[in-house]
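The letters A, B and C name the chains in turn, as written, and every chain counts its residues from 1.
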Amino acid sequence: MHILYQIFVDPFVQMGTAPDLLVQTLWDGLVAGVLYALIALGFVLIFKASGVFNFAQGIMVVFAALTLVGLHEHGVPAFLALGLTVVVMFVLAFGVERLVLRPLVNQSEIILFMATFGLTYFLIGLGQLVFGGDPKVMIARDLYLPSGAIEFKRFGGFVSVQKIDVAAVIIASIMVAGLAVFFQRTRIGRALRAVADSHQAALSVGISLEQIWVIVWFAAGIVALTTGIMWGARSEVSFSLQIIALKALPVLILGGFTSIPGAIVGGLIIGIGEKLGEFYWGPLLGGGIESWLAYVIALGFLIFRPQGLFGERLIERI
Amino acid sequence: MRAPSSHEVKLGEPLLAVEEVSLTFGGVRALTGVSFDIRKGEIRAIIGPNGAGKTSMLNVINGFYRPQAGRITFKGEERRAMRPFAAARGGIARTFQNLALFRGMTTLDNIMAGRALKMHSNFFWQLIRHGPALKEEVEHRHRVEEIIDFLEIAALRKIPVGRLPYGLQKRVELGRALAMEPDLLLLDEPMAGMNLEEKEDMSRFILDVNQQYGTTIALIEHDMGVVMDLSDRVVVLEYGRKIADATPNEVKRDKNVIRAYLGEPHGVSV
Amino acid sequence: MPSSDLGLDTLPKLLIHNAATIGGRPAIRHKNLGIWQTWTWEEMLEEICAFSVGMAEIGLKRGDHFAIIGSNRPRLYWAICAGQALGAVPVPIYSDAVAEEMAYVLAHAEVKLAVVEDQEQVDKIVALSERLPQLARVIYDEPRGLKDYDHTRLIAFEDVQRLGRKKLADDPARLRQWEAEVAAGKGSDIGIILYTSGTTGRSKGVMLTYENAIVSARNANAFDRLGANEEVIAYLPMAWIGDHIFSYVQSYAAGYCVSCPETPETVLEDRREIGTTYAFAPPRVYENLLTLTMVQMADASALKRRMFDFFIAFARRWGEKILNGEKVPLAARLVYRLGDVLVYGPLKNRFGLSRIRVAYTAGEAIGPEIFRFYRALGINLKQLYGQTEASVYVTAQPDGEIDAETVGKASPDVEIKIADSGEVLFRSPGVFAGYYKDPEKTAEVRTADGWVHTGDAGFFDPKTGHLKIIDRAKDVGRLNDGTLFAPKYIENKLKFYPNIREAVAIGAGRDFVCVMLNIDMTAVGSWAERNNVVYGSYQELAGHPLVYDMIAKHVDEVNRSLADEEVMAGAQIRRFLVLHKELDPDDGELTRTQKIRRGFIGERYAPLVEALYGGVNAAQISTLVTFEDGHQGTISARVAISDMRPYAARAAKMERAA
């Protein structure tokens, strides 16, 4: 009886009595959610257009961040370094298309997936070779990203908001909005949707699959770069950052592997859910909920709605 | 972004010529030394028993397969092995036996996709949907609506094609091919799986496309009645070889063709 | 409305008046290539005038008859008025008529000129041209496919207008001349000849004067307070009196705009886009909409279904009361409002009836369930009863006095009386001028003092004063034991079930009642999918034993309801069968307005009727069918027959118990 009270009543009572803590938790959840969404977005882009689950997305985040910081360390001014990193990501996209996707074009999905494994370790090796294995500091200040915190006396208490987090949410939102408009409105966006739907049909109307793949991997690279900058600014730039990519998996399951809005909504649900769960129900379960709650939620979805909230349910006419 | 042609082909002249084309897949000889041409403005039927290599022939013309031997001349220019999207850009549009539609998109979007090659305006203008991009968008939409009207599928505009019955899906695919304003239209069994009424509708559309738009058409077809009614000339393939190349009436009486289909010297019933 | 007393007694005069007074308002619309094009009254006058002068140029004169054949298109409506302006008489013909029917009407009406929609109609006419020596010109609207046709008799609509505009431009007096022609028209002139699709025999050409139509239209507009702001979709056949009045005469009289849909398949979508305020449809249309919705609901998630069921039940309780303006508790009103947001609103939107002020149904009896359903949603659905010979209106239900079982009170200026035989007669300013070239038939139907025999049997309900129609007068018969047999009455009860599309009851002069049924493909097909019934064709589904079981349940319920009525208890259904093919106007089994042709069906399906009364359990039948282009084929089937057990008459039972 008591346990039921603890699960179903007490947390809400706590939420009600200390609204400032609730808001703080919600905010933290939102920030985490937005960043998860960004990572998931990179996966969705590539999966949607080339049908490949890009295991290397996580390392691309690290690689992009490393390139940026590394260039800066070598004396390149911040924004120029940013521009050069963008170029590097383009070259990477181009290279992946030429050297990985094109030769394997008619192979099964599992083979392509393995290829991204290979790509991952290649990038790890390359990164360590060029930039060294030590963790680095993101050049946040040089990029004019704010630091410090804003503190509100509100909601009957005290809420603290990191400025960098605010910046992260804003930038991520702009990025997502930009991508959405891009997909909907432009010719290239249409072509991307076509390629995602049917390769054969896309070829028949004259869309070059190779061109589209380069564009998509490049876009994923930009997303990776943004993610790298944001995550890196909040903690540090190291190879352990690629673990973050694993968190994208529950997000993708929730939101559907092929949906951009799904990645956003999924990310937010996981992010907020995690933080709320950890803070209010965590003590019941001995803490550490954050590390596995997301996967449990994902498991639930796999059972009841495997295509996710937004995934495509292909309507087959028999 | 059309591939430049060395000279404009006149009506009645060969638009596409296939010379001594051979195609092998790991031991299987799909095509052996096939030669024929397709004249501008005509409807050319490619027929033959199952396994004769008809779809392979279309795939070679279209760029999906690269022949081991032989030449293909299109619009006066000899092409090396061309990739499908390049064939599309060169003015060849194609429908498929098993349909290649964008199943998640509506009828309208599918046909609009056929205009992809003709959209030229600048990326930036497109983003803000203004100026020359808007004007172009409206023009494309107008052309697509004309095709929708022509094929009588106005009621299906906003329905995702995955939900349409087979016969209508085929019509949408035809619409998408038409949206490309091709010089050469390749139709792979456009009537497959249709009932009599649907076949009559499709035949009417194909004829109208040829007569109204002047589009050259090559079609693979099994229904002899359709072949007789629609085509100007017929190529007959059997086991990857050409066994006849003449007008429908001549082909109907050709002994080799009769033997290929029936194995006995009887008339081909139509 | 001012138009009534300004001597505007013909349609062209109304047109000119509208162009002068409300010239900038929309008069007619058409959706083409995905966008709506609108013409104002002024613009429409110009188009019609140009076409009219053009038609005169190619030889149309006062008193000539010209045909209109096609689906609802602005140009065809313009053609009607353009011809009327010259004093010629339009003869619209059903566009899905087979060549034979068309030939008959064109010849009988001595049509000199035809305005048709497209290649399909042109082909039909060209095929008949030897039989129509008097048909001099054929004008077509849609040029597709006609480029290479012989144009000695054919001419494009645009070219006729071009001729007209040129003449108007070259000759300054021509316009004045044209206006004078219009002014020369009188209300007593014949404005139109409409051929009724008779349920027996050949169609008859009903001649209506301008006065017939315009007075009826004005009265109707006043009855429902229709003004210039109404939005109407024109989708019913132009050859049918209903469309002529609703989409043409009433529009000209009130000044409201009529919208022509893109294709017949897009009508629902187009209706939604326009947001019609005034609608008319035969009961079948409302039934189909409902069936479609129920079918889709059956496939929806449990939550949606629960919500739907709850709110619909709620609406059935309170909806009609709210619509009728009765007193309803506040709490109920609030829940209804919530239901409006969640269920009724989206439903009405799906039907395209969100902005409906008045929706009429007529032509056939409508299932009371269906009727109440729409009213419960807040749609002001009403019944009216009418005929071509009446310029539509005989009775109509006034707002607030709505009942599923009646057809309403006499329309304004209409007198009704019931003959001894039970037949309904009426007299009104809308009564037709006569049947073209058929004075005998005219005298049969219309008495010397202007009363018209409707051919329907009915009576006035003592409680409400509304008219109730039982059946076609000549169809009301008796069984061998003297029991009253009103086949329509029984058929309607059966057709109220969504699964049953059509029913034919047989019993006059027989020992008991039998019925032949058509299943509704949509409803039963969906039921079949849900119940794992496999079928490959309509015929297979119709003959399936499980379908028979399901239908038997419906028949049983009808029997029970018949048993409740003293007069009808003896007419319960003893045996039934499900037909292997749908009854079709193209095969002559139904009229163009979907009414069953009893005599013809009795002949054609004689083997089945014999089997029904012969006590056997199945029968073999071969039927000849006609395809739309005229060629024929046969369908054979072995049809099963089911027996039913009738209920003891309730009333009689109670008597004995007492």
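To be clear about the criterion, contacts are C-beta pairs under 8 Å (C-beta built on N, C-alpha and C of every residue); 3 or more make two chains touch, one makes a residue touch a chain.
None of these values were measured; they are calculated from a predicted model.
Taken chain by chain, the contacts run in an open path, each chain touching the next and the two ends left apart. Highest C-beta contact pair count among chain pairs: A-B. One simple way to say how far apart two chains are is to compare their mean CA positions; for chain A and chain C this gives 60 Å.
In terms of their C-alpha centroids, the spacing between chain B and chain C amounts to 44 Å.
Among the residues of chain C, none is found touching two or more other chains.
Those residues of chain B lying in contact with chain A across their complex are 62, 64, 83-85, 88-89, 93-94, 96, 100-105, 112-114, 116-117, 119, 123, 126-127, 129, 160, 162-166, 176-177, 180. Remark: chain B residues 141-142, 145-146, 148-150, 152, 154-155, 157, 208, 212 touch chain C in the complex. The touching residues of chain A, when paired with chain B in their complex, are 181-182, 185-188, 190-191, 193-194, 197-198, 200-209, 312, 314-317.
Of all residues in chain C, those touching chain B in their complex are 32-34, 144-145, 262-263, 265-266, 269.
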